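Letters are used for the chains, namely A, B, C and D, taken in the order the chains are written, and counting of residues starts over at 1 for each.
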Amino acid sequence: GSDSESGGGDGELRVAAIFSGPTTDADYNALGLQALQALEVGDTSYSESVPVPDIERVLQEYVADGYDVIWTHGSQFYEATAKIAAQNPDVYFIGEFDGQPEGQPENVWVIDRNFHTVFYPLGTLAAELSETGSIAYLGGLSLPFSYSEVHAVEQAIADSGKDVKVNPVWSGDFNDTVKAQQLTSQLLSNGNDVIITSLNLGVVGSFQAINETEVGKTWLTVKYTDKSQNGPDHYAATVKYDFEGPLAEVVDSIEAGETQGHYVIEFGRGASVALGDKVPDAARAAVEAAVEGISDGSITVELDQSEVE
Amino acid sequence: MRDLAWLVLPYVASVLLAFVVGGLVILALGNDPVKAFESVLTTSFKTQFGFVETMHKWVTVVLCAYAFTIPLATGKFNIGAEGQLLMGATGAVAVGILLSDLPMIVLLPLVLVAGILAGAVWAGVSAFLLVRFGVNEILSTVLLNFVSFQAIDYVASHVWPDRGAGHPATIRVGEGALLPRIGDAPNLHAGVILTVLLAVALAIFMRSTATGFEMRAVGANLRASLVHGVRTSRLAGAGLVIGGALGGLAGAIEVAGVHGKMLEGMQSNFLILGIIVGLMARGNLVAVPFVAFGIAVLEVGASSMQRSAQVPVEVVLIIEAMILIFLLLSDVVRARFRGASA
Amino acid sequence: MTTAGAPPRLRMSGVEKTFGTVRALRSARLEVGAHEVHGLLGGNGAGKTTLMNILYGLYRADAGLIEIDGAQVSISSPRDAIAAGIGMVHQTFLQIESYTVTENIVLGASGLGRFRMDLSEARARIVELSERFGLAVDPDAVVEQLPVGVRQRVEILKALYQGSRILILDEPTTNLTPQEVDDLFASIRTMVDEGMSVILITHKIRETMGVCDRMTIMRDGQYVLDVDRADTSPEHLAATMVGEEVAVATEDADAGVLVAAGLVDDEVADQPERTVETRGGGLSARGLRIANDHGVAIFDDFDVEIAPGEILGIAGVAGNGQVELAEALSGVRPLVAGTVRLGEWELVGGDRQRPTSDWLSLGVSYVPEDRHRDGILPTRSITENLLLGSQRSSEVRSRGLIDWRRARRNAEEVIERFSVRASGPNALAGDLSGGNIQRVILARAFARKPRLLVLHNPTRGLDIRSTQFVYEQVHAAAASGCAVLLISEDLDEVITLSDRIVALYSGSSTGEWARGEADRYEIGRSMTGLVKNA
Amino acid sequence: MNAVTDFFALLIPAMVPFVLAAQGTVLSGRAGLFNVSQEGLMVLGASVGFLVSWQVGSNTVGLLAALAIGGLFGLVFAYTTTMLRLDQFVIGLALYFAALGLASLLYRAVVGVTLEPPLIPTLKDYPIPLLSDVPLLGRALFSHDLVVYLTFLLSFVIWWFMYRTSAGMRFRAVGENPKSADSVGIPVLRTRMWAGVVGAALMTVAGAYLPMVYTGTFTEGMVAGRGWLVIALAFLGGWRPHLVVAGAAFFAGMEVLALQAQVTGVGIPHQFVLMLPYVGTLVVMIFAFRWARQPAFLGLNYDRESRLSG
C-alpha cells in the first residue's frame, strides 16, 4: 500500500512508518504522519495503532515488502527495531529513544527525544507562576522518561531558588481524557496551581478541569502539539515537537550513505517552547533565559531516570 | 464426509459473505478491496515469517478459547482470560527472572508451571467466590481483569522494570526460560507442539474421562447431575480453575516463546478472540483449534491489509462482526433448508 | 348435548401440525358443545396437548379451521384465544413464581390499564370467583410457596377471571387427592351449569366416566372417535385408546392395565397376593430430621424400614414432604440428623454422611419425580444419559477412560429391552416423549442392580402402556430382593403396588396399612391429616 | 469539608455514564435480553454524539443522534435474538466489534488527521435554585448539567414503571417466565424488541455523555473499559434499577476516592490505589447474596413452540 503507486523508481527511497496509535489523534501519531508525508521520497506507507506485542511482525512485513527505510515512531518500539535491524543489514531503520542506546546496530538511526532537557524550562516557568508553592506533574504511564521529566522540573525549580514542591501523579494512560479530567480537578482543589502535563490526548480532559477555576491563578502546560484552544485562559506553555525536520534530515543522511547515527532533538532542532499570551512577562523572561542557557550549554539538564513516587 | 461438509460449509459461506460486505465498505472508503483481501488471505502463507507469526498467534488464541470453552461446558462464563493470561505471564517472568541462571531443563518447566499456577490461582479467586459465596462469575472475572492490569503495571514498572524499553515491560528472563525453536529461523517455538498435544489431551479429557463427562453433564443439567452423584459446585469451580490454568499457560508461552519478558498490552485482544473462537466452535473442543487457526490468519492478515491497501484498521473489526453474525444466520438458513427438504 | 341445528360451542377440523419431522396432528378434529364437559383422551404423544395448544394460540397450526359458535375465528396468539373466550390450564403451571396469587391472575387481564396498579378491585373479584366456584385460595400468597393443588386452583381462577367460556384442563388431576379431585369436579360442574364448556385431558378413564358428558379419543395425532358417555364403557374406551393389540390383552384384564387406566375401584381391585420374605439387609432409616430448601425441618424423628423385596408405598398430597423424603433417602439431600443403613452399610451415621456418589455405588437408585429437571441431560444422547451416575465405576471404563463403544452397545441393548422409542443410542434425551424418558431413567436405575429403589411419581403423565411397563419393572426389582420405596400421589398406584402403605401428612405418618387392608377414602382422609389411624 | 464537597462534586458526574448504561442493561435484562455490547456502544455513542454535536453545533442534537444510533443497534440486537433467535452472547460481541469499528471509522471520515482536535462546548451546569444553596452539599449535589438530573429522574421513572405500574409487572414477567407471560397474552417478542432498543439507546447516550462533560472531544480509548464494568454493575445491583444507582455510586465513589488518594499521596504505589474500585466491588459482592439475583430467563431466547424455552 502506498500513497504513490508510481514510486520506487531508481534512487527513490521507499519509506515506511509504524505508529503506536491512530493517526487521527491530533497528537504524537498525527505529528508522525505529518512528518512522513512531508518527506520527498519515492514511496511512503504506514501502519497505525500497532500494539507493542505486534511490532516485530509488522517490521518484518515491511522488510518483506522491500521498503528501504523503516521508521518506528515511539521509544517502546526501539528494542524490536534494533533486533530486526540486526537481522536485516540491507534495510535501514530509524528508531526513537530517550538517551543513547547500547549496541546500536550499523543500520539504525536513533532519534533521541531528549524529553528531560525540553521539560527543564517548564520547571522554570512553574516556579515563576506558582503562588501556592505547590505544583503538579501529571503523567500517563510511569515510565523512565517521565521520571526524567519530573527530575528535570525539580532541577529547574531548585535552580530558580524558589520554594516550590512538585507532586507527580500518573493517570495510567496517556490518552484517557476522563481520568485526566478527574485527576486534574483533584490536583487543583488540593492547592496545586500549575499542572505540567506529560500526556497525549488526555490533556484535553485536564483543560476541561482547569477551565472551571479562576483565570490567572491556575496554569496548565502541554506536550507535543499546541492545544491552547482548549483553554486559552489557563494555557501557559507547550513543549512543541515537530518530527518533520529531524526525519527529513535523518533520511537525507541515509540517502547520503550515512547509515548509523544519533539525532538529538533540541530547541531549534525539532523542539520548541511556546508560551501562552496570558503568561506574565517576568515568567516569560525566565523561560527564555532557560532556553537560551540550554542552547548555549551554560545549563546542563541531568538525565535522571530514577523512580519517583 | 457429507457431515463434514455440512460442518464446514457455514463457516466458509459466512466468511465469504462477510468479505463481500467488508469489501463494499472498503470500496466506499475509496480503497481497493481485492488488494486488501489478497493480503488478508496470503500474509500467513506467503513467507515463512508470516506463517510463524500466525502459528504463534494461534497458540495463544487456542489457549484462550479453551479458557473460555471449558468453563462453558459446566455452564460458567469465564470472561477473565486476559487477566489470567497476564497473571500467568507474571508468574512465568517471576520464575524466569529470579531463577535465571538455572539450566533450561529445570527452568523452562518451572516457568510454564508457574504460569499455569498463577492463571489457575487468579481464576481460582472467581471460583472460590462462586462456590463459597455464589458471586456471579461474569462479574468477578471481569473485575479481576481490571485488577490484573494494575498488577502487571506495578510489576513492569517497579519490581523488574526494563528502563530502556520505553514502555512498561520487565527485564528479560534467563536464557533457560525460553522455549526451544523448531527448524531454521524464522522459526516456530516449541509451544506450538505443546499446544497441539494439549488440544488432543483436552479433547480426550472432556470426552472420555469421568471428570470431563461430569463437566459436560453439569453444563447440560445441573440438577440432574447433582441427583446422580456429581459434585456440581466443585466441578463448576474446577472448570473455572482449569480454564484459568490454560489462560495462565497462554501467558507463560507468550513470555517463554514470543517476548522473553512481560510487557503491558501483551494480552492484546486475545480475550475477545478466545471467546469468539469458543462461541464459533459452539463449545466443541475438537473444532476449537481449527476455528482458531482461521481467526489467527484473519488477525495477522487484517493488520497487513492496512499496510498493503491502507485500509483503516477499524474495518477489520467490522468484518469480524459480520463473520459472527453471518455464521449464526447460516444456522437459521440451514435449519430452514433441512426442514424444507425433510 | 348439542341441540340439533344450533352450531356447537367449539369446532376444530382438519388441524395439521408438524414439528420438524414429527407429524403431531393429522387432520385432527374436535367438537365441543355448550354446557358440556368434554374428555380428550389418548396415549402419550397422541397429540392432545398439541391440539389444545393450537386452540390456545401457543402453537401455529399448519392447516385447520376453528369455529366458535359457528363463526370462524383466527387464533394466532394466546391473546386472541383469551379474547375469544378460551382459557387453558397447562400441564406445567405457567406462573410467575415470585408474584402473588392476585398478580398472577390479573397479569394478562385487560381491565387493569397500563399504569394504574390498584389491585384491590381485582382482589375482590378473585375472592368472589373463588367462593362461587369453590376454589379456595389466599389472594395475597406468593405463588412459589403454595402447594400444587392450590396452584392449580390459581390457574383455573386465572382462566375464569379472564372470562373464559371454554376452559381447557390438561391432566389436572395428576397431583390431587381423591377429595381434591371430587372438589375439582364439583367446581367443573358449577362452571358448566353457568354455561361454560370444559375440555378435560386425562389418562384416567374412571375420571372421564365420572365427569365427562362426551369424549373424543385421539391416537397418533388423529381423531379416532367421539362418543357420549352413555354410549360407551370403560373397557371400550381403554381398548380404543391403546389400539387393537392391547385391546385383545384387556380381555383377560390384567389388573395393572386396569389400574393404570384408572379403571378399577378399590373394591374391584382384589390384588394378587404377594409374599414378602422378611429378612435383614434392607433399608433402615431412623430418627430422620430433614429440612426443606428454606432450612425448615419438615421431618422430625421419622423412621422408615423396608425389607428386601418389600414395596413400601407412601401416599400423600404433593407438598407434604415427599420431595424431601425421596431426596434424603437417595443421598441427594443431607440429613439434619438421623441414621440411614442399607444392609451392612452405614450411609449416614454419627457425623458422617457419605456423598451421593457412594450411595449410588452402594446400590441406591433414585427415580426422581421431575424427570426433565432431575432425571435427564436433555441435550445429551441416550448413551450418555444411561452412563450418568456410573461414570466413575470401573465397569464402564477401560484403562481409565470411559469406553464409549461399550456404552453405546449397552444403550442399544437397553433401547431394545425397554422398548424405548428412539432413532438410536445417539438420539437426544430431550427429544424423547415423557414415557420414553421414563423408560431410559428406569433402565439406568435397574442397570445398577439396586438394593434400594426410590421411586417418586414414577408413572405421572404416562399412558397405559408405559405405566404397565413401569409396574412390571418394579415387580421384577422387588422379586430380585430390592427394597422399594414408592412415593406417589396416585393413590391407585400405591394401593396396587405396595406391600405396605404409609399415609404422609405434613412430614409425619398419619396411618399405616398392610396390603389388602386399605380403603381409598380412608387413606385419602389420612392424607389430609384428618384421621390418625394408629 | 472541602474534601467532602469535592468528593460529591466529582462523584455525581462520574456516576452518570455508569447509571445510564446500567439502566439500559437492566431494562434489556429484565425482559430477558442479555446484551454485552456496552463497551462498543458507549464508544460509538461518544463518537456519534461528539461528531454530530460538532457538525450541528448543538449538544442536544448530538445526544439525540447517539440515542438514535444506539436504538438502531438495539433493534439489530433485539431482532436477531427474538425473531431469529440467534445466540445473544455472540450477537452482543459482534455488535461490540461493529460499534467499535464504526466509531473510529466515522471519526476518521469526519475529522481525519489534524493537529488541532475539534472541540465542542461541554454541557453547562444548571444549579437548582434553593437546593444548590443548601450549605455543605448543596452545590456538590445540585449544581450539575441537565443530563445529570435527567439520569436520576430516568432511574426513578424506570423503577416506578417496573414496580408500580401494571405494564411494569407484565414487563418483568417476560424476563422471569416468557412462556407464562405469553400464555396470558403479554406480547413477549414485542416487549423484548422495545426493551432491547431502549436499553441499547441508553448505553450509547451514556457514552455520548463522556465527551460532552469531561473532554469536549472524542478519543478512541475514552470509555476505558467502563462498558465491561457496567455488566458487572448490573449483577452487583441484582438487576434492579434502584440498586443499580446505589451500585454506581459505590463504583464511582471508589473510583473518585482512588484518584483522591493518589493526589493526596497515601504512600502506596498508585497501581494498588487504582485497583481499589474493583477489589472493593468483589468484597461487596460477598455480602450481596441477599439481593444478587438475576432474571430467570436472562440471556435465553424464547421460542413459543419449543418446550425447552418454557
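The rule we apply is simple: a contact is a pair of C-beta atoms (placed from the backbone, for glycine too) under 8 Å apart; a residue touches a chain by one contact, two chains touch by 3 or more.
In this text, all values refer to a predicted model and were calculated from it rather than measured experimentally.
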item	value
Any chain in contact with chain B as well as chain D	A, C
Result of counting contacting C-beta pairs for C-D and A-D, higher pair	A-D
Chain centre separation in whole Å, for chain C relative to chain A (CA means)	76
Centroid spacing, where centroids are CA-atom means, of chain A and chain D in whole angstrom	35
Euclidean distance of C-alpha centroids - chain C vs chain D, Å	46
Gap in Å, rounded to a whole number, between the CA centres of chain C and chain B	47
Sites on chain C at which at least two other chains make contact	378
Touching two or more other chains - residues of chain D	104, 108, 269, 271, 274
For chain A, residues contacting two or more additional chains	142, 172
Listing of all chain pairs that touch each other, if any do	A-B, A-D, B-C, B-D, C-D
Chain D to chain C touching residues, read off their complex	164-167, 169-170, 172-173, 176-177, 179-187, 304-305, 308, 310
Chain D partner contacts - residues on chain A that touch it in the complex	21-27, 30-31, 33-34, 142, 167, 169-170, 172-173, 175-179, 181-183, 185-187, 189-190, 201, 204-205, 207-208, 225-227, 229-230, 309
Complex interface listing, chain C residues touching chain D	19, 56, 58-60, 77-79, 82, 88, 90, 92, 94-99, 103, 106-109, 112-117, 158, 162, 378, 430
Partner chain D, residues of chain B touching it in the complex	29, 77, 79, 125, 129, 133-136, 138-140, 142-147, 150-151, 153-154, 157-158, 272, 275-276, 279-280, 312-318, 320-322, 324-325, 328-329, 331-332
Chain C-touching residues of chain B, taken from the complex the two chains share	204, 207-210, 213-214, 216-217, 220-221, 223-231, 339, 342
